[in-house]
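Heads up: the structure comes next, in structure tokens.
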Amino acid sequence: MPDNFYDEVLIDHNLHPQHLHGLPGATCSHAGMNPSCGDEITLHLTVQDGVIADGAFTGVGCAVSQASADIMLDLIIGRTVEEARALTALFRKMIAGDITPEELEQLEEAGALQNIARMPARVKCALLSWRTLEHLLEPDAENAV
Amino acid sequence: MSLSRKNDFPVFAQFPDMVYLDSAATAQKPAAVIEAEAAYYREANANPLRGLYDLSVRATDAYENAREAVRGFIGAASAKEIVFTRNATESLNLIAYSFGRAELCANDEILVAISEHHSNMLPWQMLARETGARLRYLECDSSGIYTEEALRAALTPHTKIFAIAQISNVFGRIQPIAEFAEICHENGTLIVCDGAQSVPHIPVDVQALNVDFLAFSGHKMFAPMGIGVLYGKEALLQKMPPFLYGGEMIEYVTREGAEYAELPHKFEAGTVNVGGAVGLHAAIGYIRSVGFAEIMQREDALTALSVEQMRRIPHIQIIGGDDPAAHHGIVTFAVEGVHPHDIAAIFDADGIAVRAGHHCAQPLHQHLGVPSTARMSLAFYNDEQDIEKFVNTLKTVRRRMGFAG
Amino acid sequence: MSLSRKNDFPVFAQFPDMVYLDSAATAQKPAAVIEAEAAYYREANANPLRGLYDLSVRATDAYENAREAVRGFIGAASAKEIVFTRNATESLNLIAYSFGRAELCANDEILVAISEHHSNMLPWQMLARETGARLRYLECDSSGIYTEEALRAALTPHTKIFAIAQISNVFGRIQPIAEFAEICHENGTLIVCDGAQSVPHIPVDVQALNVDFLAFSGHKMFAPMGIGVLYGKEALLQKMPPFLYGGEMIEYVTREGAEYAELPHKFEAGTVNVGGAVGLHAAIGYIRSVGFAEIMQREDALTALSVEQMRRIPHIQIIGGDDPAAHHGIVTFAVEGVHPHDIAAIFDADGIAVRAGHHCAQPLHQHLGVPSTARMSLAFYNDEQDIEKFVNTLKTVRRRMGFAG
Amino acid sequence: MPDNFYDEVLIDHNLHPQHLHGLPGATCSHAGMNPSCGDEITLHLTVQDGVIADGAFTGVGCAVSQASADIMLDLIIGRTVEEARALTALFRKMIAGDITPEELEQLEEAGALQNIARMPARVKCALLSWRTLEHLLEPDAENAV
């Protein structure tokens, strides 16, 4: 597939998402929505002793929002809540366009979304799952960790 | 097909490679319109209506001549029936706020076609909330067809208003408005027609259709943004209370209240948009100079070309069906496995402007069971090459999203 | 005085002998504004906000940059506080319909300055009728002065809103809005400021004034017609229900209802007027390039010249008194024995545009005991020669109506 | 007064109206109004045996409306109701710009208002008293003849 429209990584996560399924043992879930696009993603996490032991998502959306969710879960499963929060902050920094190369490295495959900022209408899509994660990790959120 | 009209539109000189297929959202403007508005500001700009000097008389004439041009364009009986608004949305809100709140009560019903644009749906939701009237929906089949039987069955003795677009911005199908109007009137129901997508593209005659109200926007018919029209039958407008209150819509004001001006000024509060009206007048002149014969012939041919090509591409679903005659310049579609936002992004990368989302018709999308769609919509300034480029990109969409073919 | 600015305004090239002294009704447009709007239609025209393609991103940027320019121009804290409307009249109606109907009830009072333009009076009359709230008037003296004591005395624990213009279109006097705002807020009353005549002529800073709402029109500040602004404090706008309903002001719609979009889009239903906003942006740029220092210096000097000359002419009465400093570019007057319409006709015959009538302030005229008046109003594009011609004609009015002298 | 703005006749009727006064024995009166100008004229007539025996007006207005009222009364006093109706029709014809020279003659001094049509905003002023007269002469008007 030589002329993929999006980055190979993004295309792949969209076509073959690893984490697009229910999560029976989830300790918390939250639905995030981009109502104007119709995108809707529900994020499910199993958090034990401050560590994100497992995670998954359900819902529909464009390639950017789906891939972003899948990549995010790849990145945060196995990390502590603290680490996940830090990664979320880094992701926002990247989208805002002021990330250093060292920081970018920490984001691993999520770096594939770096150029989404050139399509302003799509930034919301890229952020959807991360916003939803932030909400779940807020200390005082309903249904939170 | 006759000569391309692209040269009349400066934006295509600016972006010669752009393929603009979002005319249902807003149309491009011919030089004649841009120049007419500019000329007004150079040669006749003043506050009209109360003018006691030469320039103000010019401005008044410019404004009222525009109104007369609109009257003639839609075949209204009197210029009093033509109210200038900002856009179709405001026109529809005006009906709901003024007519609706004065005439409806908790026992009444409002019937709205399920395919309506939010602008012809949310004002009725608001009206139902405010008056306690019941809001009901008339449902269409997957081709966007409403039958006369279904309409008859949905009308009750309490139905005060039936709201429907002559052409839906999702299906592109022309509804039999005259027939619907007759059925409504037999039932004592008023018909509000949303002409936003029809008035720019087919001849519309309000007396032949016998609609009670017609709303449309200038910007979709090659006029500037910020000017729209509400047509209403004189007897209805006459008895309606004002909507916006302020300068220029009164005869006399005291501390306690006011006497309102005659039609149509009663509904035009504050300083009016003469520049916009002049632009709309020029747009009507331009449409007339091209002629609906050419416009329709060209748009129908391009629509047919698009639909015929599209239905040969695998994994494409056209909303409203594969019959080219059912789509007047509007083809809404889905590509299996690809989200409409990704479709639009791919088209954009190829310099083709199409729209993706719910097209301000979420309840219709819920009714059809698709969360969102992509849409191409055209005007007579498009040409076969535009359609060819569109089809070529459409063929690549799935491949570029990583599908095998 | 520095170089004349007339050359910036094409209308004065078109009519080199015209003396335009009706800028309070609508201002003339500099070439920069006319051209900016035309350029938008040539280079960036699309339906903004939902755009997924290049041209639509341009349109969105053009529109939101205009909003940011307005924010900066009036010193608002956030662009969310800037709602584009059609004109000041619509802005004021928006407050009355949305805020007013949600927040006021039969026990409440609305206080309106008696000198208000109908656009800042009739919406409050409407609101009083709809809610049962009591409408009261704050009265001024014959100079157009409202004292702080009178305001304090008029406010009651029930007063929810005080509506007043920063500059009345009849008197031209600048009201101490910041002081009035403080008095209102101590009383728990919101202040609605009509800035239609002030924003074009003096620096206005909504945070320094601490007004709750500010309404003004683009067309009086050298921008195209059809674009206006409502400023509202974010917390107030946030809790207000929408006014017009339709496309672009929603997050999500179902058959039953809708979730509304974030500020300021919640209040901008339907396709917005990008061309008008771009024109307003250019007008702000133009005003900034001239600078309020020059604008005020020039307008004050011309006003002083006018008032000083006028008060020497017998049988002339200046509404609001003979102090030049009390008239900011607006001089309303009467000529003994001559009806204002005849005055305006005589000026028109000499190529001078002035206004006659009640200037959309009938209750003020009733309060002052004059049925109608004539008004000259100026802008920085006027020059001393304009004033000279005006004064020369004024001197002849009685004679030309057959009076001995 | 060489440079009168309006026609001499109009100026004179405005400055020295003959009929601007009350009319104690009036058989009918009607107030006409141009609300947007603030012009207001009340017309009083004494009609006996189908003849307008006397007439007067009160109220305020611009020179055009005042002079028009005074000239109109000059013309119709002593005429029959029928004749007055015919003159009103002629006056409207004149304002509309399609009057013949012979017809114009019948309007006598009212012909001085012929050129008012070039000032569209003033047509209403010229017509005010005539509209009010029409109302009074309508067979079924309240307070009518």
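When the chains are written out, they are named A, B, C and D in that same order, and each has its own residue count from 1.
In this text, a residue touches a chain if its C-beta (ideal position, glycine included) is under 8 Å from a C-beta of that chain, and two chains touch if they have at least 3 such contacts.
Quantities reported herein were computed from a predicted structural model and do not represent experimental measurements.
*Asks:* Please state whether A-C or A-B has more C-beta contact pairs across its interface.
*Replies:* Greater number of contacting C-beta pairs: A-B.
*Asks:* Would you kindly tell me how far, in whole Å, the mean C-alpha position of subunit C lies from that of subunit B?
*Replies:* Centre-to-centre distance between subunit B and subunit C: 31 Å.
*Asks:* Averaging only over C-alpha atoms, locate the centres of subunit B and subunit D and give their separation in whole Å.
*Replies:* Between these chains, centre-to-centre, one finds 48 Å.
*Asks:* Would you kindly tell me how far, in whole Å, the mean C-alpha position of subunit B lies from that of subunit A?
*Replies:* 39
*Asks:* Multi-chain contacts in subunit C: which residues touch at least two other chains?
*Replies:* 50, 52, 252, 341, 345, 348, 357
*Asks:* Of all residues in subunit A, which are in touch with two or more distinct other chains?
*Replies:* 36, 119, 121
*Asks:* Could you run through all the chain pairs that touch each other?
*Replies:* A-B, A-C, B-C, B-D, C-D
*Asks:* Help me check something: in the complex, which residues belonging to subunit B touch subunit A?
*Replies:* So the residues of subunit B touching subunit A come out as 338-342, 345-346, 348-349, 357-358, 365, 371-372, 396, 399-403.
*Asks:* Touching residues of subunit A toward subunit B in the complex: what are they?
*Replies:* 1, 3-6, 11-12, 14-15, 36-38, 60-64, 66, 119, 121-122, 125
*Asks:* Could you please specify the touching residues of subunit B with respect to subunit D in the complex?
*Replies:* 50-52, 57, 60, 251-252, 259, 261
*Asks:* In the complex formed with subunit C, which residues of subunit B make contact?
*Replies:* 10-11, 14-15, 18, 20, 22, 25-26, 28-29, 33-35, 37-38, 41-43, 45-47, 50, 52-56, 86-90, 92-93, 96-97, 114, 117-123, 125-126, 129, 137, 217, 219-220, 224-228, 244-248, 250, 252-258, 269-276, 341, 344-345, 347-348, 351-357, 360, 362-363, 366
*Asks:* Could you please specify the touching residues of subunit A with respect to subunit C in the complex?
*Replies:* Touch residues, subunit A against subunit C: 33, 35-36, 119-121.
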